[in-house]
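Take this structure first; my questions come after.
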Amino acid sequence: MKLGVFVSQYSRENDTLSRLKAEKLGVILVQNGVYNAALKEDGKSSPILDKGTTVYALSEDLQTRGLSVDSVDSKVKVVDYDGLVDLIFNEYEKIIWL
Amino acid sequence: MSKLTIGCFSSLVGSMTTDFVVKLAEAARKKGHDVDIWLSGNGTMLSKKGQRSFKDYSSLEKTIKELVAGGINVTACEACAEARGYHKEDLIDGFGRKSMDWYLASCFSADRVLHIGGE
Amino acid sequence: MAIKKIAFVVDKLPYKTETSRLALTHAISSQTVEIHLEEDENITPVLAFVGEGVLNCIKDHKASDVYGITSLESHIKNALLTDIKVLICEEDVKRFGLTADSLIMDAEELGADITSELVPFDTIMEEMNTADHILYF
Amino acid sequence: MSKLTIGCFSSLVGSMTTDFVVKLAEAARKKGHDVDIWLSGNGTMLSKKGQRSFKDYSSLEKTIKELVAGGINVTACEACAEARGYHKEDLIDGFGRKSMDWYLASCFSADRVLHIGGE
Amino acid sequence: MKLGVFVSQYSRENDTLSRLKAEKLGVILVQNGVYNAALKEDGKSSPILDKGTTVYALSEDLQTRGLSVDSVDSKVKVVDYDGLVDLIFNEYEKIIWL
Amino acid sequence: MAIKKIAFVVDKLPYKTETSRLALTHAISSQTVEIHLEEDENITPVLAFVGEGVLNCIKDHKASDVYGITSLESHIKNALLTDIKVLICEEDVKRFGLTADSLIMDAEELGADITSELVPFDTIMEEMNTADHILYF
């Protein structure tokens, strides 16, 4: 299965995310989930970025919170709402929202 | 053309979830996709007519009415709405009001489902 | 015959919001979904409790006595009564120090034929894998 | 006799927070305390008239009207209510509708304040 | 200050709670906070019970969730709504809700 | 003259719900509370951001451009403009890898005389200690 996981909250520990198994797994950071893309808590980037999956972050939600696209970790691809639609239809078959 | 069903359960006035849903639906529609939106739980708030527009709150009534005019289907859970005191006459024109099985039927025919849960 | 499987996965606690309640009521509404579908179409729901969601399945809720509302327990029993497959993640049950004895495993008093099943997370993952859509509550 | 002010901000229909507030207010009143309840944010939901009683939702309209008749003051934030489309005519009889400073004034004269935040 | 802290969520790690300092500090478990009173996750009782403060749990919220008063850790005092009112007025001067 | 101090403590993230916004609007409403009080009575608010709440104070919110709503930034600047003491927990700021440069420290462009203050958590604890009531958002 190709599974896209929307992460809408800022929580560095994400039990659910770490258990999911899929042939193709992608993480899409939205709402307060975008803090995971930019903050380095205690000097370390969010463990969510180290799962070996592709990670996206929604530009509109970064900007809303004063997080500039420049501040985003290099592992993260920044997309806008248009890009989200393409991810949903072209990259993943099933989608869940955490 | 593919179909996206969005279930919006969590949204509260003052949170950004309804905003997210409306913007995503708009972007999907622009790309030619069909979109169904199901409002359940506190998400039914979005279906209430007469929300006054303040600068502190995103005012979505106008945008979403345009989306409905442009072919998006927005349907609210009847029981969830009644439990909140939102009666038939409170429903925004053009919105639907159905029982929960409507959502499952929408998922049946959808290519993609984005279910946004309750917290 | 076109049958689609929808996985209802609950990983939220009960009563904080109505999330887990809505998962149950929506899953049960699969019983009446045919009215919206063509004759040869239907939906098979599967309901799975994972993470903190397994705490919904602790038995003996007094929500009705205390607060006058339907308990999650009665919803889960209704799901069993309507023959919905109910899976509970056994790793999480164990982690919280619970056993089948403390969980809602059947709805015999209502006349339900099936019981809840304690299964490894991998089994639940496989249900998600084979589902057409996943509704994650 | 002491006074308790309860600020209820978080409550959603379907959560148990309004239930908590109503039961605590009832218990405090029985012990002879004065109680003010301030409904703000999504808590203003509790002030909406005509919520239909279903077994899945605690139905608090009757209980809280009895509490108001027994001397408890329940006041909803006017702006929060309007933003949700709850107008003056939607307010349960006996409830107040005020601007936010009312809550601070209630806190001023309270012996204890229990502020229940928004999540 | 005599500070009563209502804990309404089940979270074993509670950053806020561990930082609060008060001459007298009490923890009152309500809503999903009551799981802290009864569950032994990974065989251990909730760290919230080990702060050396008095911990109360609301009986109505335990029962609602199928948690019997017997299952509650011996460190926790079970109170009802009546008892909460007395705690608020007699034991603490200020109250916060987490 | 009876003046009571109320501490507004914010430890929630912005925009998830309206919690932090309501903390700001209620704190600012202390400016008009006199209409409800006797002549010699008043309220002094103090506003403190702790934990994840400090993330409300990151500057340059584009909430208005993107979603058409007032940003938390503009609320915080209004608080400074109305001379409300704004405290930000420096341990948490440091933990999140932020500095004063990235935070809303003043509202000079609006003509505010006071600035936000980065202070240790103990200072905020002391404000709670000396407050008559604490509203924890």
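When the chains are written out, they are named A, B, C, D, E and F in that same order, and each has its own residue count from 1.
As a working rule, contacts are C-beta pairs under 8 Å (C-beta built on N, C-alpha and C of every residue); 3 or more make two chains touch, one makes a residue touch a chain.
Quantities reported herein were computed from a predicted structural model and do not represent experimental measurements.
> Quick one: which chains contact chain C and chain E both?
D
> So if I look at the partners of chain A and the partners of chain E, which chains show up in both lists?
Intersection of chain A and chain E contact lists gives C, F.
> Greatest Cα-centroid separation from chain E: which chain?
Result for max centroid distance from chain E is chain B.
> Considering C-D alongside B-C, which chain pair is linked by more C-beta pairs in contact?
Of B-C and C-D, it is B-C that has more C-beta pairs in contact.
> Give, as an integer number of Å, the spacing between the C-alpha centres of chain D and chain A.
Distance between chain centres, rounded to whole Å: 38 Å.
> Taking each chain's centre as the mean position of its Cα atoms, how many Å separate chain C from chain F?
Computed value for the inter-centroid distance: 43 Å.
> Taking each chain's centre as the mean of its CA atoms, how far is chain D from chain E in angstrom?
About 24 Å, centre to centre.
> Could you say which residues in chain F touch two or more other chains, in rising order?
Chain F, residues with two or more chain partners: 15-18, 22, 25, 67, 133-134, 136.
> Give the residues of chain D that touch two or more other chains, as numbers and ranges in rising order.
In chain D, residues 12-14, 16, 41-42, 56-57, 113, 115, 117 touch at least two other chains, as defined above.
> Where in chain E do residues touch two or more of the other chains?
31, 60, 64, 94-97 - these are the residues of chain E that touch more than one other chain.
> Which pairs of chains touch one another in this structure?
A-B, A-C, A-F, B-C, B-D, B-F, C-D, C-E, D-E, D-F, E-F
> For a test of understanding, state which residues of chain D touch chain C in their complex under the given definition.
12-16, 19, 55-59
> Which chain F residues qualify as touching chain A in the complex?
For this pair, the touching residues of chain F are 13-16, 52, 55, 58-63, 65-67, 71, 73, 95-97, 102.
> Report the residues of chain F in contact with chain E in the complex, numbered from low to high.
9, 11, 50-51, 121-122, 125, 128-129, 131, 133-134, 136
> Name, in rising order, each residue of chain E that touches chain D in their complex.
6, 8, 30-31, 60-61, 64, 81-82, 84-86, 88-89, 92-97
> Mind listing the chain E positions that touch chain F in their complex?
1, 3, 15-16, 19-22, 94-98
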